[in-house]
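Chains: A, B, C and D, in written order; residue numbering restarts at 1 for each.
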Amino acid sequence: MIQVPFGTAEWQSIAPFSLVAIGGMIALLWSVFAEERPGTTSVMWMSQAGLAAGLAATIALLGSEKASFGGTFAQDGVSLLANLVFLLSASMTMFMAQGHLESMGVRAREFYPLVLFATSGMMVMGAARDLVILFLGIEVMSLAAYVLAGIHRRDPGSTEAALKYFVLGAFATCFLLYGIAAFYGATGATDYDGIRAGLASAPRAALIGGVALLVVALGFKAAIVPFQAWTPDVYQGAPTAVTAFMSVGVKAAAFVGITRLFLDGLGPLHLDWQRILWVLAVLTMTVGNVLALVQGNVKRMLAYSSIAHAGYLLAGVAVGTSRSGGAVLLYLLTYAFMTLGAFGVLIAMGTGEKPNDELEDMRGLADRRPLLAGAMTIFLLSLTGIPPLAGFVGKLYVVEAAVSSGWFWLAILLVLNSAVAAYYYLSVIIAMWMRDPVGDEPAWESRPYLAAALLAAAVGTVLLGLFPSGTLDFARHAFASIVR
Amino acid sequence: MTDQPTTLLRLIPLLPLAGAAICTFAATRNLRSVAKIVGPGSVLAAFLVVLAAVARFWQLPVGSALIDRVWNWIDVSALQVDLAFRLDALTSVMLLVITGVGFLIHLYSLGYMHDDPDLPRFFAYLNLFTASMLVLVLAASLPVLFIGWEGVGLCSYLLIGFWWAETANADAGRKAFVANRVGDAAFLAGMFMLFWGMAAAGAPSLAFADVNRMAPQLAARSPWLVTGACLLLLTGATGKSAQIPLYVWLPDAMAGPTPVSALIHAATMVTAGVYMIARLSHLFVQSPGAMEVVATIGAVTAFFAATIALVQRDLKKILAYSTISQIGYMILGVGVGAFSAGVFHLMTHAFFKALLFLAAGSVMHALHGELDVFKMGGLGKHLPITSKTFLVGTLAIAGVPPLAAFFSKDMVLEAAFMHGHPVLWFLGLAAAGLTAFYMFRAYFLAFAGESRMDPHVEAHVHESPSNMTIPLVVLAVLSIVGGWVGLPHGFLWGDRFGEYLAPVFAHVGGHGGEHAEAGGATPLLLMLLTVSVAAGAIFAAWKMYGAPSTLPDEMEARFPKAFALLRGKYWVDEIYDALVLRPYAATSRFFWKVVDSAVIDGVVNGVGTVLSGAGESGRRLQTGNVQHYAFAMLLGAVLTAGAWWLWR
Amino acid sequence: MEHGILSAIVWTPFLGALVLLLMPTRNENVLRWSAFVLSLVPLLLSLRMLQLFDPAVGSLQLSENAAWMPSLGVNYALGVDGFSLWLILVTTLLLPIILVSGWHDIDKRLKEFLFFMLLLEWGMLGALCATDLFLFFTFWELMLFPMAFVIGVWGGPRRRYAAIKFVLYTMAGSALMMVAMVYVVLRQAAATGKLSFDIVSLYGTPLTYAEQLACFAAFAIAFMIKVPMVPLHTWLPDAHTEAPTGGSVDLAGVLLKMGAYGFLRFALPMFPAAAQDAFPWIMLLAVVGILYGAMVAFPQPDMKRLVAYSSVSHMGFVMLGLYAFNTIGITGSVLQMVNHGLSTGALFILVGYVYHRRHTRQISEYGGLWGIVPVFSALLLVVTFSSVSLPGTNGFVGEFLILLGAFRAHPWAGSIATIGVVLGAGYMLTMFQRVIFGPVTNEENRALHDLNAREVWALVPIIALIFWIGLYPNPFLRRIEPTTRVLLERLRAAGATRHLADEDRRVSPTAAAAALGASPAHAAEPAHPAEPAHAAGGAHP
Amino acid sequence: MAVPVGHWLALSAALFSIGAVGVLLRRNLIVVLMAIEIMLNAVNLAFVALSRHLHSMDGQVIVFFVMTVAAAEAAVGLAIILAVFAQRRTLNADEFGRLRG
């Protein structure tokens, strides 16, 4: 058993996620006692404060990379950058949800605390260098996410989404645990350093079984083919704000977990799992893009598009170098901005009774709400990977990482996939700009916070596309320390 | 031979060009009077400048030339082309013909087009044509010649389709342009071959002086290159000068107004090919093979066209085939090496063929567009001047001494015979006979005998106004006098024309001077032979068409197939249409409909449908049932582990 | 030396677009006039650039450089040389002409149309001026979308299909280019230790022959789609037919040139050995393009579609000249790019005038226009004959040089291509015939009113240039030739000398003589006795 | 003499499979939940067996984590099933196929 002193390093490393968790609890208590008037934003601001505290703690730790709790909990560049992504997605979701949930008749004010709990779970996952801690992080995040998916109790879609998410999530957790057990049995340890040491002597069958089981669990969370079947249904069923949070936060946490696990924990096995991940990555992006082609509903199309992007991310992981790790991190950041933005626009489209997220509803948007159409065009162009927007930069780094270590076919398949993806992103742009609106104009509701969030996402997408150097250097340096 | 720089030559093409610009402006404002003055005036001015230039040229020592470098046109690494005009003996002859005959035709057009609303536009095109022709003739290098070459093609397109209201005229114009373009493509290829040959020989240039100077070296280095280039240039010439195989456009070109036919399709444009070959005489001489081909084409075309003319009913069509035939003579002349003979016939032909066309024009003018000789007859009394001048032209073309063609045609035939081309000579002789026959057939049918015109047309047939008849008379005089410049060797003052052109064709390789010294008697014999053949043909024509007789019908009855063949013009047009045009249209439609839309677009759209098909089938897998998804996860886990296990 | 002129040229359209977008008014006249004035600024700046341009220098000049993405070695680098100079001027010239000629063409969403046209110009100018491969790729993709919007929003009945096809075609091509671009940059970084996207440094990248071939194929496919070369051309007729007049003019005027420009700027210099070995294939495709384009243009019922296919044929000529590997051919093809832009642009404007009046592009609907609209017919006559490359017009000079150069490089390709000259006359005159000559078949045509002053003056600059380049092309050729020499010198230095002819000005040395004299039919395998180092033809480094 | 760890692991694997099959086949959602609990306990068994085999206490500690998480999961799961039942009046897994395609 590792004797773990509880010195200052430990306090500092747990500060970020615990502050967020505490913030969540305070917000929960506050929501019970606060008055019932609709449209109150106090709970939301309270939660934002919790996030701010987490952000402050994360920034304070920037630069002082060290592993606490005997190396099982790493507060290094990777987890700090990951924290930024999680906090960003959480706060954007909360701003976007403000007003959106009331208009749907959802008075449950525990929405914001749940987001905080999920975010703290993600932060644990981001920093975990021990399978058990990873498991705990996943569970904290997932439980909150299951409830969030079903937050709109009266909508059959939302409850069905929550049910599916829960059943399959729990199912995946069992595989995760069984995988941990396999590794524990094979290497006698659950922390990454212990595992690395025990890999040589471990029986090959146990290792393969263990990794396969872990891939199932993490694959489920990251929506990698063949474990992605739940994503379209859950994303479509859940309220759009929750979908945004899930498609960015949860996916980012899953990928940081996968990246850390494979690049750090299972580094020596690199040559073995590389081929498997290569196949899964290509499968994921192809299935994601091809199925997205035929979607009539924009929200469901974005769900499939997020699967495709999972494919691109997995390609980065498969390459397995520090460059590709950095590329994955940066891709996550760019992906966060554009996907949050895209879902945000769908939220803005929705009115109380009708979500308006079908392709027909997008027709003639440029005539009715040019600014919204302009923002959506920026997000979609970035998702397609058009320079100088963020999406292109993210894709470029993944391709560069792949090409630099000789994975030509992976790079070629990736860029060809994004050419196919261009079709369905374009079809939305064409609907907005080049078709006349059908039916009468829905009664739009003015949502200042949502507008602010969209503006932030758009600015982020453009700026990250124009000036990505700083972030890339940080991400690459962060990964250099991990991949030994 | 030095080139004397001058700035006079650029004026010659510039004046008609300016005329064309002014007439175009006049056309937009519909100022008929301005066009009437500027049109002929600019050509007259050009004629005067030509006289001045020729006078200056004559002061120069023999063999030198006037050169006028306007500016450096194209200058890219090895290719260096100046927009330069050069005047030497050959050019002077051509200039005099173009501006001289041209001016007469412009004058004639005043009358002919008098009541045509589009007169200014007509003169604009005519002036533009004259300018292009002058550029062609004055050019000092092949590319500049090509500017004029295609410029005249453009003007002939515009002028043939001048009365654009009927699609037939416009189609004839297009046919002319495209046929010319086929020749021009070959011309271009010839130019390129020549250029790179010259570049390899160390002097990359397309100027005539350089080409002629380097010709022997070129032939020594790569004879196939010289022959190839000459043959290509010849193809270009056949396109422009309407020889076999690219002559088909000329008969249709008669759709244009008659002055156009006279100027372009008789006097000037169609002779461009002959001029080009004469200008590159030193090059052509280096390749006996090419010369042989040139001569053969000339002779065969002469005979071939003459046969068709025998049975034509339309007066202008007869003259058109006659032109093709006469140019055949010129090509034959240059083909056998008798360059000055060819050019001499070119000059005389310009006179009498222009005369014949203008006369036909005044007949048309009088009969309000009627051209079928079988609907004329007895016009002699109604159109005294026209019929007399037409007779002079007919005599000239038939080769009756002392008129023009007798000397020029004879010189060509004699050269053909002397330079060892007996077969071609015989073809030429036969063609001469046929020419005499069909010309007098036309004359007798139109002007002699009793009138077959329908009465009310005959009622007000009247002679054309003076501005039409004066040019006829002048041309008649020229047709008579024109030949005397080049008398047979030793007769009176001999071949002044040949001597004048000698420096241009001076060291024309092995072929030496114009007149082989062998056998003083044979030329005389040949001359007698041609005259007697011509006389016989005239008598035969008189027998059949002069006096009323049933002979033509009997002839037709006895040889129905022959007459049908000739009247169908050997169905060359139909053959071209079947072999070239229709397959081309079919393949282009095939390319469009099948290759482009079905195959390529099919593949492009196919990729789209395949992908969305896969999407549809993938979509069915998404059943929505939780347990199916769980099963998929389990299956995924098993497959991953299995694959890894097998994938050693 | 630092120059602001190129950045000014590239960014003034962008700023103009923003200014236009933010203008509060929807009043059409105000918008049109302000857009016109805004479009004049880059034109004046580009004329100033012409003044600053030093004709003697062949390499990139007036260059600017600023760090953009240091970690990736990407700089905001601009520069201009003989290849891009005239294309820039055509781009800046065409926009004001489009705005003036199509003054009343666009009625719905005028502000957005003008915004996208200015954005389009920004994209094109950026791509032309970029001397950093990443910057070029950015503008290369950026250029697509304003064009797609112009086609998609203001186009004809099948505009959406045409827009999607246009974008996807180019994106599929440029996807491969992106991978090849990254590969070359990494190889260069491995060799020099420094990551850089700068074109000139990329030219020297040491690649094995197999790598060169693969990368060249990737770049070539992307550019062949853009040229377009048969069989990758089917997006062009749809894009042209469905695009509004202004869009078609820009599409034909400049966008088509990006492909050929890309070959000159990237594919040839970066992969000399591979480019040399692709010589027979590209020549074949070019000749096929010429003949195929001309033949398919012949039966077209729709005027715009006919002109679109004629562009395929003309661009076939450009590629033929470009791939002749000698100064005459390449200089001719660069000039022909400008010529094609002008004459096809003018053709589209004229078709636009008639379309604006009769709302149909079917040739059968017209006939006998000469009597009704003489000024229009005269202008169409001039432009038709410029497009058929009649000597004295711009088309001839370009075509003459191309065919001359091509004849030197590949006599068979050269002579077969010359047939294209005939076919060109065929389909253009057929169209001219059916529209202008013949009796007036359709009564509506009688009501056509002739071009007004504005419409005529919009075309005057192009007509003037048609005759200027036709009669006095030297100022243009003189500025292109040095850059061609630099390119050929680069190819020679890289050992790709198999198809190079010795390009001495006046008297070519015995080497060329030996070359030509030796093999009659195909002058491809010249023995270069005088050539010291590269005696073995394409010696691969 | 202690039972060799292999047997325990075999038992644990068997239990795990039974649980998995239960999740896949049983129609009633609550039974599915129970099947998941079986799978979790199968893993616990494996952990305890391995911990004893490896003579390290980590396994035992992990079991505690698993049990607490399983409890939390059961709570959340039942809450969701309640919400679903309140709305759809059925717990048959096949009924929930509205979101698909």
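A few remarks follow.
In the analysis below, contacts are C-beta pairs under 8 Å (C-beta built on N, C-alpha and C of every residue); 3 or more make two chains touch, one makes a residue touch a chain.
Remember, it's a predicted structure, so these values are computed and weren't measured experimentally.
Looking at chain A and chain D, the chains in contact with each of them are B.
Among the chains, the centre nearest to the mean of all shown protein C-alpha atoms is found for C. Put simply, the C-alpha centre of chain A and that of chain B have 79 angstrom between them.
Centre-to-centre, using mean CA coordinates, chain B is 98 Å away from chain D.
For the pair chain A and chain C, the distance between C-alpha centroids works out to 44 Å. In this assembly, the C-alpha centroid of chain B lies 37 Å from the C-alpha centroid of chain C.
Across the assembly, chain D contributes 20, 23, 96, 98-101 as residues in contact with two or more other chains.
Residues of chain A in contact with at least two other chains: 163-164, 167, 171, 232-233, 423. Looking at chain B, one finds that residues 619, 622, 624, 626, 630 touch two or more other chains. All chain pairs that count as touching, in label order, are A-B, A-C, A-D, B-C, B-D. In the complex of the two chains, the chain A residues touching chain D come out as 1, 132, 135-136, 139, 143, 146-147, 150, 153-154, 156-157, 159-164, 166-167, 170-171, 173-174, 177-178, 180-181, 184-185, 188-190, 232-234, 236-237, 300. Listing the residues of chain B that touch chain A in their complex gives 608, 611-612, 614-616, 618-619, 621-622, 624, 626, 628-630, 632-633, 635-637, 639-641, 643-645, 647.
Across the complex, chain A is touched by residues 9, 12, 16, 19-20, 23, 29, 32-33, 36, 39-40, 42-43, 46-47, 50, 53-54, 56-59, 62, 65-66, 69, 72-73, 76-77, 79-81, 83-84, 86-88, 96, 98-101 of chain D.
Across the complex, chain C is touched by residues 366-367, 381, 384, 386-388, 392, 396, 399-400, 403-404, 408, 411-412, 415-416, 418-419, 422-423, 426-427, 430, 433-435, 467-469, 472-473, 476 of chain A. The part of chain B that touches chain D in the complex is made up of residues 619, 622-627, 630-631, 634.
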